[in-house]
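There are two complexes below, and they share chain A, which is joined by chain B in the first and by chain C in the second.
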Partner chain A sequence: MFRYLLKRLMIAVVVLFGISVIVFAIVHLQPGNPYASMLDPDTPPDVREEVMRKLGYYDPLPLQYVKWLGRALTGDFGYSIQLGSKVSFLIGQRIGNTVFLALVAAVIAIALAVPFGFYAAIRQGKVSDTVLTVVNFGIVSIPGFFFAMILLKVFSIDLRLLPSSGIVTAGAGYVGGQAILDILRHMIMPAIVLMLGEFVSYNRYIRSSAGNLLSAGFVAPLFAKGLNRRKVIFSHIFKNAAKPIITILCLQIPSVLSGAVITETIFSWPGIGLLSYNAAISRDYPLLMGIVMMLALVTLLGNLLADVLYTIVDPRIRLSGKA
Partner chain B sequence: MSDGKLENAETVLEVNHLAVTFTGKETVHAVRDFSFTVHKGEVVAIVGESGSGKSVSAMSLLGLLPRNAVVSGDVKLDGKPLDVSYLSPEIRKIRGRQVSMIFQDPLDSLDPVFTVGEQIAEAVRVNDPKADKATVTARVIDLLKSVELPEPDTLRRKYPHQLSGGQQQRILIAIALAGRPRILLADEPTTALDVTVQQGILDLLHQISRSEGVGVLIITHDMGVVADIADQVVVVRNGALVEAGETVRLFHYPQNDYTRELLDAVPKTPLLGGSLGSDHAAAVVSATGATSAPAPAASDEQPVLKVENLSVSYAPRTPDVVHGVSFDINHHEVLALVGESGSGKSTIVRCVLGLAQQTGGTVMVDGVEYLKQRRREQTKTRHKIGVIFQSPMGSLDPRQTLAQSIAEPLIYALGVPRGDALAKAEELMDRVHLTRDMATRYPSEISGGQRQRVSIARAIALNPELLIADEPTSALDVSVQKDVIALFRELQRDLGFACLFVSHDLPLVASFCHKVVVLQHGQEVEYGPVESVFVHPTTDYARKLILSAPLADPEVQHERRRLREQAATA
Partner chain C sequence: MRAVKKAFATVISAALICTAAACGVGDPNATGSTGGGDTITYALSQNPNGIFNPSLYGTDYDRAIIFNVYSRLVHVDKNQEFQPELAESWTQSEDGKTVTFKLRQDVKWHDGEPFTADDVVYNYTANADPDYPSGGQKFVSYLKGYKDFHEGKTKDFPGVKALDKYTVEFDFETPYPAMFSQLVDYPIFAKHIWEKVPIKQWKTDVDVLRKPVGTGPYKFKEFADGQYVSLEANPDYFGGAPKIKNLIFKVINSENLQAALTNGEVNIADVSDWNPSQIQAYKDAGAEIVQLPGSGGSYMGLDTTNPRLKDVKVRQALVYAADRQSIIDSVLYGHAKATNAIANPEDPNYPKDLNEYKYDPEKAKELLKEAGWTDTDGDGILDKDGEKFTFKIEYSTNSKLNSLVAPILQKNYQAIGIDASLASVDFNSLLSKLLDENQQFDGAFMGSTYRLLQYGANDFWSHWTGQGPAVTGTDLKSFGESASNYLRAQNEAATNVWLYVADKGFVVKGVDGFDPYPYETFLTSNQWTLKK
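The block that comes next holds the complex of A and B.
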């Protein structure tokens, strides 16, 4: 088991390195000079050249990469071109907002998806399952941004119940419980939009995993030995379903941190999604690289966590060291 | 065991006019009219080919069929009528208590995330919900002992995947016995197991029926298993009873044509006829002149396939799984590789085909070490080799018509124009006795036996010198298997290819092959002409393997069991 995890860890390191090379190359092979906007348009050409040289813009790409990698390994991703602050500072500033929103959405989505998924799997082919399927497809068919705009129209503009953007009411100066309530009010709509999208995919995934388990070879023998339906589902199917549930939970980790670009943009939620969107359109390379690498790291850690959890719930992995 | 004793035994299960119909888009009458009786302490075998409804009948008795199955019939358990309709509360009450069941694939039948001890304990608690922990554990250990598993206290803490196939099946038997059932249904309980393990399970089932007085209903397609264990046989075809009777009587005097057909389809060989002493078989051999196909005379010509001191591993830098195996095959000769699963049979085949890592020794086809040739020459040598795989469905492209599948090697290896190749494919279809009007059909539209004929036609399309057949008949019903083997013989006689035949079916090997290599753990245990290896095996392993293959002859099997029991008590 230890060897299995060690192997996974080593693979993760190699993959992370690969990702950094590819992303670095893609970002830096784009035409145009992103640093140009740092300087005043009136800067004399020789000064401009001097700054560029200092920034390492004329270095060969491999050298740029090695320099970047060396700093990145110490956690230094440089400064944002547009915002001027340290990349790590910018990410740190935004990540809390994103995690908060995404975590709430994900927890609700999973809390709903697991029971509904199981229910649909058990009732597969019956009316209740069909109804759930139709509802699922209905939700999937409405694009998130469109749904978000409808919510905005109804709850912010027509009913004036909820704030339309941001995370706190600017200038209100709430404190204590009121401040928390204020944040929650801002969060309701983006959380619902995020949650619904996630709910559908988890629900389908759990439905099919549980469905596979219900038709697994060991189920008929369980009935044959005299267990009732409840016992078969709640003790055997549930325990076997731990693996697919862990899979989605851990796959969820990176998306919790990456933030939903579209949702955050529409609701002006000051999170990573909004930050990376701005970094991408303004070609803020250091910031973009920093965000991408953080997400890559988190994704790999999520997978690694899944591998660790698999060894806990699946004796076949725990005891033989094979996946 | 005397017949008189059984006639007096009480009837445990009586099934009359059982019918199972699957409703839905298409109505399927899986079982039409099926009746049988099981007495206390008796083993009854239900025999039939795939699709005969034998498994469905057993599942219906426990209410394990899907919702769309309509079950009707008059079933009496211990003299009391039993309602077998869907979700009948009575059926749920008897599950695991009066009637229990074991299944074909033991690993698949166990929940992978619970220890085997927990799974047995669960069955114990179904019957005795108030039992405290210590009582349950004691009973679990008792059950493990009763299915003859070693070190029950260690074993119960293991997970299913840590046990061997035979051990897994014993665990399932222990689970089935937990409720002290009156009837044990066993659906192909040894089909997924190796022959040497199979015998142990059959002996255990036999012993349970005798010592615990459990009526055992075993479902099988294997006449050898029937001959070995059954007191009574029920033959079923297309969901209806064909013939029933006492085993020895039925084997000797089958009343029905279909029963006779089933029995005739079993490969017959005098070689495996003897019990422990092989003198009888030796006498038969000298009297009848060995196997049916005359072995080709030894000649000076070089062997088509010569394997010398071959070692193979699955992948580079992994330990060898085949160690120093040598054999050769001449024209017109059939050599069998036999052994249990994991013995390296298929690995050798893969290596000869260049699909596994050869780590030592030589593989010569027509005198050349073709695997070491350059790519272009290697391809040429490859054209001399035809291959047939176990699963005909898996080895045919579902999107190609039969003629396209057969024509493919002609087009790609010889560059024959498409039209000509398709015409040649039809000729090949004649050779394997498929009608030409099937040429435009797809693999999904034909039967398993026909698919295997297509694979054979494709394998002989290039007129190979060496034909490799990896378990070509083990996915087929016996009667189909018989026809395919007959075809094989005919083609081999006409085309004269050398054949490397992988099989675990020893009676088939004995009736069909000239030479045999016995493998164990990747080692060559024995190699020689079939007559000498089967009649006078020189190693214990080969002897054990040969004796463990149940023959479709109740007297031989009874004698073998008597000798085994004698040896065990001595």
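The block that comes next holds the complex of A and C.
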């Protein structure tokens, strides 16, 4: 088990390194000079050249990479070209908001997916199952931003129930319980939009895994034993079908973090999605590298966690000598 | 089975309870973020960068905050004349090389410290400093001793000095009357705050940058990055304490604006789309539209070093062939003005006798014929010495308007026999191409704010820098005349296809006293009130 973990960790480090090289190359080989808009157009060319030299623009690419790597390893991702402040500061400020939203979205997704998935599994082949399947496909086909617009129209414009953007009511300065409720009200719509994709995949997963277990070989003896339907489903199948969902969750992390861009833009939710979009558009190299490396790290850790959890959750793998 | 139903029921009821609770608690207007009668909310379509130093800011969003927190030496009035603000009065020497300002004596910084001439001297000395993390205000480079000080050869900067506690003198190497327009654009920051930070770090010291201390009508309260900036009234403001206690700048995506207006979450916002149905939607939400001539324009720069475009007749033909009024009518729904030079038609120095280049495709064809371009092989495309007249229109994808205007121009040119094609790139790539003097292009869309008294900055894009008469003068009058001559020359040389100067519009709901005019949106912010 331990050796398995160690091996996976080393592979993760190598992959991370490889990602940094590839992304660095791609970002820097694009045409266009990100520092172009930093200076006035009528700056004399020799002044312009001096500034760029100081910024290391004329260094050969491998040298630029090595310089970047050296600082990155100490946690210094440099300064954002557009915004001026430290990259680590900018990311640190925003990432909490995205993680919070993603977490809430995940919780809602699971909370809804489990009962619906089970219901579909039990009623497999019947009308209610088909209806649920159609609904699932419907949800997946609607683009996130469109659904967001619908929610906005219904809840913000027509019913005037929920605020249309932001995390908190600007300038109101709520504290304690009121603050929590304020955040909740702002968060409901973006969380729902964000969780749609996840909901569908968890739903289908539970449906098929529970469905498989229901027709598995060990079920008949359970009934023969005299257990009633409820006990069979709840105590045996439910637990076994639901556990692996944790691993799926870990694998969904990167897509949720990146999918948040559109949601965050529409609802002005101050998270990492919007930051990375702006960084990409303005070729803000340092910020872009910082965000990409962070996302890569999170993805790799998520994968690692998924693998580890899966071996814990499913004793068959653990004991089959993979360790 | 019942367990599943139970779980399902619990989830749904929990969600319902949460929503109900969330609605019940809180302020009486259930969704409004405008917390009652003492707050005005202004929408920003993007998050400010948080660079709240009035000399270093780069975006309009930071500018909105800065112009409420800080004050300037002078501002402009509706006739584009300079009026006193922090400066009570000023005098200029005969030769224009010395400008002396007398400052107000009753101004305090938001932290209670007095505003004095030392603050002003510090501002401009810092702008000239070799470590200053940006270009520095242009007029500073015309002051005495700038070169040596900026290169680090001397420790003193004689170009600006304090004659006494409330008098500042600027000494120029060569007179530069345009300094006044830069004074309007860049408010004054405090010496006692910024001298504590090494100049090199001014753009990165977030602590000081994000807690601006100024002399303006509103004090800075809070910056929630990505969400809003909240300001509160300065009761000691020298121009009269603001009537509304809280001014909040909220980041609201332009798609969301209509929802926010209906909801009562915002009072004032910019109009970015003049589509009549969008305007109607704003009106339905209870807002009124305030429209005024804008100060920013869009144009297609022509590469004057391109062999095909070297002949001025060819360039003039390109302007005659562009149906600019039709562009204004269809893309901007008529909410723009035509212009025939890179300057605001409302600018007092904009010559009244410019060639208007009224849409005339026949005249365009005639000019091209005189330049040697005719359709010799009957394929519909003009040619000369075996070369076909191809023309690539390049524009950046950043602006939605550009992508609507470019195809219209393409059609205009194809109608007179030019093989016009479109090329769209992202802004950064376009900018790099234009900055590279070795790269040639045909036509590239650019746009900018036409600042008062700033002429010629955009010639760079047409590779025409220095080709027009220089704009100089010892005082505003002679400077203005020289500027008019320059604009006439540019108009004659047709270095650009000047497209339009778009009107500026605001959506206003529930506010009285909002009185914007070109270059000054927030001048009267201390007089804004909420309608009952």
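As a working rule, the second predicted complex is superposed on the first by the 268 of 323 C-alpha atoms of A that agree within 3 Å, B and C clash if a C-alpha of one lies under 4 Å from a C-alpha of the other, contacts with A are read in each partner's own complex, and residues count from 1 in each chain.
Following the convention adopted for this analysis, contacts are C-beta pairs under 8 Å (C-beta built on N, C-alpha and C of every residue); 3 or more make two chains touch, one makes a residue touch a chain.
This one's a predicted model, so the numbers in the text were calculated from it and none came from an experiment.
Student: Of chain B and chain C, which one touches more of chain A's residues?
Tutor: Touching more of chain A: C.
Student: Between chain B (first) and chain C (second), which, if any, makes contact with A:91: first, second, both or neither?
Tutor: neither
Student: On the A-aligned overlay, A:221 touches which partner chain: chain B = first, chain C = second, or both, or neither?
Tutor: Touch status of A:221: first partner only.
Student: Applying the document's definition of touch, where does A:239 land relative to chain B and chain C: first, second, both, or neither?
Tutor: first
Student: Mind working out whether A:272 is in touch with chain B, chain C, both or neither, as first, second, both or neither?
Tutor: neither
Student: In the overlaid three-chain picture, which partner chain does A:313 touch, first (chain B) or second (chain C), both, or neither?
Tutor: A:313: touches chain B, not chain C.
Student: Considering only the defined contacts, which chain A positions touch chain C in the complex?
Tutor: Interface residues on chain A, with respect to chain C: 30-34, 36-37, 39-43, 45, 79, 82-86, 89, 93-94, 97, 111-112, 114-116, 118-119, 122, 149, 152-153, 156-157, 160-172, 177-178, 181-182, 184-185, 188, 229-230, 233-234, 238, 265-271, 274-275, 281-283.
Student: Which of the residues in chain B end up touching chain A in this complex?
Tutor: Residue positions touching the partner: 59, 62-64, 92, 95-97, 100-103, 105, 108-115, 122-123, 126-127, 159, 161-162, 172, 175-176, 178-179.
Student: Under the definition above, what is the set of chain C residues touching chain A in their complex?
Tutor: 1-4, 7-8, 11, 18-19, 21-23, 25-27, 30-31, 33, 35, 39, 41, 47, 49-51, 135, 138, 203-204, 206, 209, 221-222, 224-228, 230, 246, 248, 250-253, 255-256, 258-260, 262-263, 265, 398, 426-429, 431-432, 435, 437, 457-458, 460-461, 465
Student: Hey, which residues of chain A end up touching chain B in the complex?
Tutor: Those in contact with chain B are residues 216-218, 220-228, 236, 239-240, 242, 313-316, 319-320.
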